[in-house]
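Presented sequentially are two complexes of chain A, the first with chain B as partner and the second with chain C.
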Partner chain A sequence: MEFLATIVILTCTNALLAAGIVILYKAGRTVNLAHGELAIVGGYVFYSASLSGSDPSLPFAIAGALAYSICMGVFIYVSMMRRLVGEPFYVAILVTVGIAIVLKSAIIVIWKAERLTIDFGVAPAVYFSGGATLSYMDITGVVLTIAFFVALFLFFQFTRLGVQFRGTAENALLASQRGVNVNFVLSLAWVIAIGAATMSGVFFGARAFLSTDAVMIGLAGLTAALVGGLDSLRGAIAGAFIVAAAQYLTVRLIDPVLSEAVPFLILLAVMSIRPWGLFGTMEELDRV
Partner chain B sequence: MSSIGRNLRTDYLQANEVFHRPYQQVLIVFVIIIAALIPAVSSNFFVHLLNLSFLAAIGALGLMLLTGFCGQISLGHAAFLAIGGFTTVILIVHVGAPFIVVVPASALSGALLGFIVGLPSLRFRGVYLAISTLAMHYAIIFLATFYQTKFGQAATAGIPIPDPTIGPFTLSGDREWYYLLLVLLALLTAGCVNLVRTRPGRAWMAIRDRDIAAETFGVNLARYKLLAFVVSSSLASMSGSLLAYYSNVVTVEKYTLDLAVIYVAMVIVGGMGSILGALLGALFITLLPFGIDALFDYLPREWRFGSTLFGVQVGAVGVCIIVFLLFEPKGLAEIWRRAETYFDRWPFRYRPLESARR
Partner chain C sequence: MQGIFRRSLGTAAVAIMLSATAASAQDSYPIGYITDLSGPLAGSYTPTWEGFELYMKSLNDRGGINGRKVDIVLDDDGLKADRAVANAKKQAERDNVLGIFGLSLSSTQAPVYAEMRKIGVPVVSTFSGILDTLPPAKPFSYSTGVVFEVAGEVVGELIRNIRPGGKVVGVTIDSVGGRAAIAHNKRMAQSLGYTWDEVIFPVTTTDFTPFAQTIAEKKPDIVVGHYGAGHNLGVIPALRRSGYNGPYVVASYGASEETVKQAARRAGKGENIFFVTRYASIFDENPAIAEVTAAQKKYGTSKPFSSMHVTGWALGKFAAEALRACGWPCTREKLDQALQTLKVDAKGLTGGAIEMSPGNGYGPSYWKLYGWNEKENKMEPKSDWLKKTDLKFSVQ
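And now, the complex of A and B:
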């Protein structure tokens, strides 16, 4: 039971990250290497915002996280990514690497690289026989992740903006000629991706801790996205599950030391066997 | 040669000249003389900084050939440095090999590894290649960690290395190292300048600009891409080996992804596709944290405490990457070139076409 619960929670953290990476890849053919940093900084913002009142308050925290996602998303798109249209592919990737470093330094300067756990002092919801626990935060995380993916599906499938979104992903130039506000759509993509990353960072911070090392969750998210296929949202969930299961099983069955190595081992395997991922399109691949 | 002719190259021989302006030879001799005199007049600490820059410059030259000339993006440069460092350790600890043997051997093992890491480039380009080098980075660092925990005295302290000896001399002081590194860097720079003028360099640039077009011109893509990886990683590995000797210790904690990114930053800040850029970028990025440290002297004293200074030093590299990519994509080398053009044209102004600016 505990085994299943842990895998499901890990899957949710990975899936939220992977979804953001996939959305950004589809929107602008950018692989965001700053995703782990964006998630963890989001967690820190959530933590600090929750303390802005007299006692820890959830509404403040959520408002802070939302404001962070919107400001950061719009800022990154408008001030950096928008200028990079037509530049060689590596420029956008390297800009995200630069963003990653700046965010890491923000953790050091603003939060003194402190190890923090997001904790509202609520007793765990479920006790397992082995001493492990499941908190309300974890359960909320799972529920919200499912809600997020359902909402994303409905949004892309049934709303006008969602259709514009898919159109922009397919061909931004044609979309803009048919009157789609491409700049709005692409900034929204960044906001959604960072919002999902922040959720992931918060749930990770509630379960483990926030620190400069925690940004490694970005690698797990990237691996999950690649396993599923960089251009497939369905794949993000499947990939997240595979990575989570592999992480958990190596820790449990083989050696805890290996847990950090698992994402990149899967990454290497995927790159050599099926680089377009489980659900990705093969044509999408930048092949030589 | 007319003033226009200096920028407009009309035949192959002109394009292939090392010196496009008459004063450049004089300038280089001048720079070398100044560089040779620096240890006589400056502090030990400054010489130490220059040594670090020279070591970084050797690695940056490697990455410049790969990324700036061949257009293959690599986030695995720290792993190549690590291979140099760990080859050095292994050869010293288990074989007891001397300096003269260890450094070339490190370059060789780096070349071998570059061949392996370069293999994915035969199938992927762009984003996927960057990700595969990222995965390779973690794989190599994982192996290095494994070695260190098995053979190091303590898991975190790293493995100590004695000062190298060449014949009867022992290299220990910063000043001895300075001259060795200066000569080595000068030779390697000359080598790289000539390499990019000759067939491999031309092939690399063709691949960078359009790989399919390059192939139709008869460039063997597989061969030259792998060659770029091999040359690049052997330079990085050599730099890693020298750095291990210079800092007297090898520890896996040093070879983080951040280090790989710092090398990428050197190449970007220096200017893609310019050997001069690699040198300028290495110097700039190596001196940057120390410059910030000096700047903090003018700020409130309490800012120095805690982690603010360290955080700002880390962040400055990221800011440099973003600012240069957005506003000066050809880097410091382009600023230098503009200055040269300005003096060529003086007293007239030179304005390139709007479309030719980027």
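And now, the complex of A and C:
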């Protein structure tokens, strides 16, 4: 039971990251290599915002994280990505590498590379036989991840904006000609993606700690997205589960030292058999 | 005519300023300090630098060494070996420092020692140390810090104060230093009758829960963590979540009271967390710690006051005594000569003197086990100072 709970929690962290990567790819064909940095900076903002009052405040923290997701999402799209329309796709990838470097520097400059932990809801909520526990934050993380994916499904299927989003993903030029505000839709994609990444960063900060090294969680998210298929949200969940289970089982059953390598071995295997991922769409593949 | 007068006056003013600067440079002891102030371990290295700076500030305010102040050239290596080497070369060639102090992670130290050896600049590391300084030490190489192999053996001995036998699980990251520490910890523990098991996880590990469950499943009587401060913050709460509530020993490689306090808070319980350190806790009551505390209150620090400041202060004291022994005018050669036989009274900051000898750039070191007192929110000594003179087991 304990092992299953751990895999589910790890899956949720990976799935939130992978979902953001998938949304950005679907919307603008951008492979975001700054997702780990966006997630961890989101965690730092959550932490700092919580200290806005005299005592640590969860509402302040949530408000800060929301403001960060919206401002950062709009800023990245308006100031950078919008200007790359018509450029080769690898230019956008390189820009995200630049964003990653800037964000990592921000952690050093603003937070002095301090290792910070998010201490909301870390008290045990569920006890397993043998003394293992799950915290309130762990449970919140699982519940909110499920809620996020359900909301995303409902948004895409049943809202006018969701349909416009899908239309933009399908063919931005055509959508634009049909009156869809493509800039708004693509900004929204960045906001949603960064919002999901921030949630992931916060849950991660509550389980481990925020640091410049923690941006490595982005790799797990990217691997999950690639394994599942870069244009499939369903694939993001499947990929997240595969990566989490592979890491967990490698630690427990094979050799902990190999745990970071195994997901990449799976990625290589999937890419060599199905380059578009397990649930992705087979389309013309670009090579950098 | 007026123009010529003005130009001459300007030239004279510049000449006076330049000669004043030169005189000021000649009248002080220029030394270099390199550490990680912006990289992944800046949180651990910054307090050490601040402790060093505290000592030098108070020394200079008291008039310096025989009336001459100590000028520190500070550079940040960001935990990168190439930057550390570039900084060292810059300090040696442009800033004309007499010696270089501090340094960051062990992986950045070897190339700095090697480069400075070529041009005869003595280097004294603290925080972590490498085998270059142990007998037979390489020329110009000194350390007042923590050598992994030494720390591994010391932890193996000091855990007897927690319980005399049982199963020890050593945990480390997959790094040269971590593996060295755990190898010596293992051999020392086994020689003292403990059984041993170990878990090594990748350097890039971000979520520690699966590893903690693996550790807990081994049913340890004591768990020892050989890594920096950050990993303890991840591993201790994960271990408690995994059902292991037994003794956990933080081997101090940059960890401090703050690390233990933060980990205890995250774990929800601070019992059974121990701490092995070369330098005293700020909770110790003695004149040496009182002096550091007073300086911290007077000058302030950006990081929470901890034993890492004590570590830096001890290096500051060591550096000052080396410069004093070097005399005036001091040269790199004379400083190196002074360092080779330097003995500095560090009682209170650690268990005894920091003492170098020809061919031994590390000397005897003193180590102590502390335990976290959850109720009083402080460290308490759990052992006397343990003096370590030589490695008991050969380096593999």
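By definition in this document, the second predicted complex is superposed on the first by the 278 of 288 C-alpha atoms of A that agree within 3 Å, B and C clash if a C-alpha of one lies under 4 Å from a C-alpha of the other, contacts with A are read in each partner's own complex, and residues count from 1 in each chain.
We adopt the following convention: contacts are C-beta pairs under 8 Å (C-beta built on N, C-alpha and C of every residue); 3 or more make two chains touch, one makes a residue touch a chain.
Everything numeric in this text was worked out from a predicted model, so none of it was measured.
Chemist: Once the structures are superposed on A, label A:80 by its partner contacts, choosing first (chain B), second (chain C), both or neither.
Modeler: In the superposed model, A:80 contacts chain B only, not chain C.
Chemist: Quick check for you: in the superposed arrangement, does A:13 touch first (chain B), second (chain C), both or neither?
Modeler: Second partner only, chain C.
Chemist: Output check: A:4 vs chain B and chain C. Expected answer is one of first, second, both, neither. What do you get?
Modeler: Neither partner.
Chemist: Where does A:247 make contact in the superposed view: on chain B (first), on chain C (second), on both, or on neither?
Modeler: Once the two structures are laid over each other on A, A:247 reaches chain C alone.
Chemist: Once chain A of both complexes is superposed, is A:173 in touch with chain B (first), chain C (second), both, or neither?
Modeler: After superposing on A, A:173 lies clear of both chain B and chain C.
Chemist: Just chain B (first), just chain C (second), both, or neither: which does A:273 touch?
Modeler: neither
Chemist: Output check: A:113 vs chain B and chain C. Expected answer is one of first, second, both, neither. What do you get?
Modeler: Both partners, chain B and chain C.
Chemist: Shared contact residues on chain A, chain B side and chain C side combined as an intersection?
Modeler: The overlap between the chain B and chain C interfaces on chain A comprises residues 108, 112-113, 261.
Chemist: Per the contact definition, I'd like the list of chain B residues that touch chain A in the complex.
Modeler: Listed in rising order, the residues are 67, 71, 73, 75, 120-132, 134-136, 138-139, 142, 211, 221, 258, 261, 264-265, 268, 306-308, 310-322, 325-326, 329.
Chemist: Sort out for me which residues of chain C touch chain A in the complex.
Modeler: 38-43, 46, 174, 199-202, 204-211, 213-214, 216, 229-230, 233-234, 237-238, 240-245, 262, 265-266, 268, 302
Chemist: Spell out the part of chain A that touches chain B in their complex, as residue ranges.
Modeler: Those in contact with chain B are residues 29, 31, 33, 80, 83-84, 87-91, 93-95, 97-102, 104-109, 112-113, 219, 222, 226, 230, 261, 263-265, 267-268, 271-272, 275, 285-288.
Chemist: Going by the contact rule at the top, pick out the chain A residues touching chain C in the complex.
Modeler: Listed in rising order, the residues of chain A that touch chain C are 2-3, 6, 9-10, 13, 108, 112-115, 117, 119, 122-124, 128, 130-135, 204, 207-209, 211-214, 216-217, 220, 247-248, 251-252, 256-257, 259-261.
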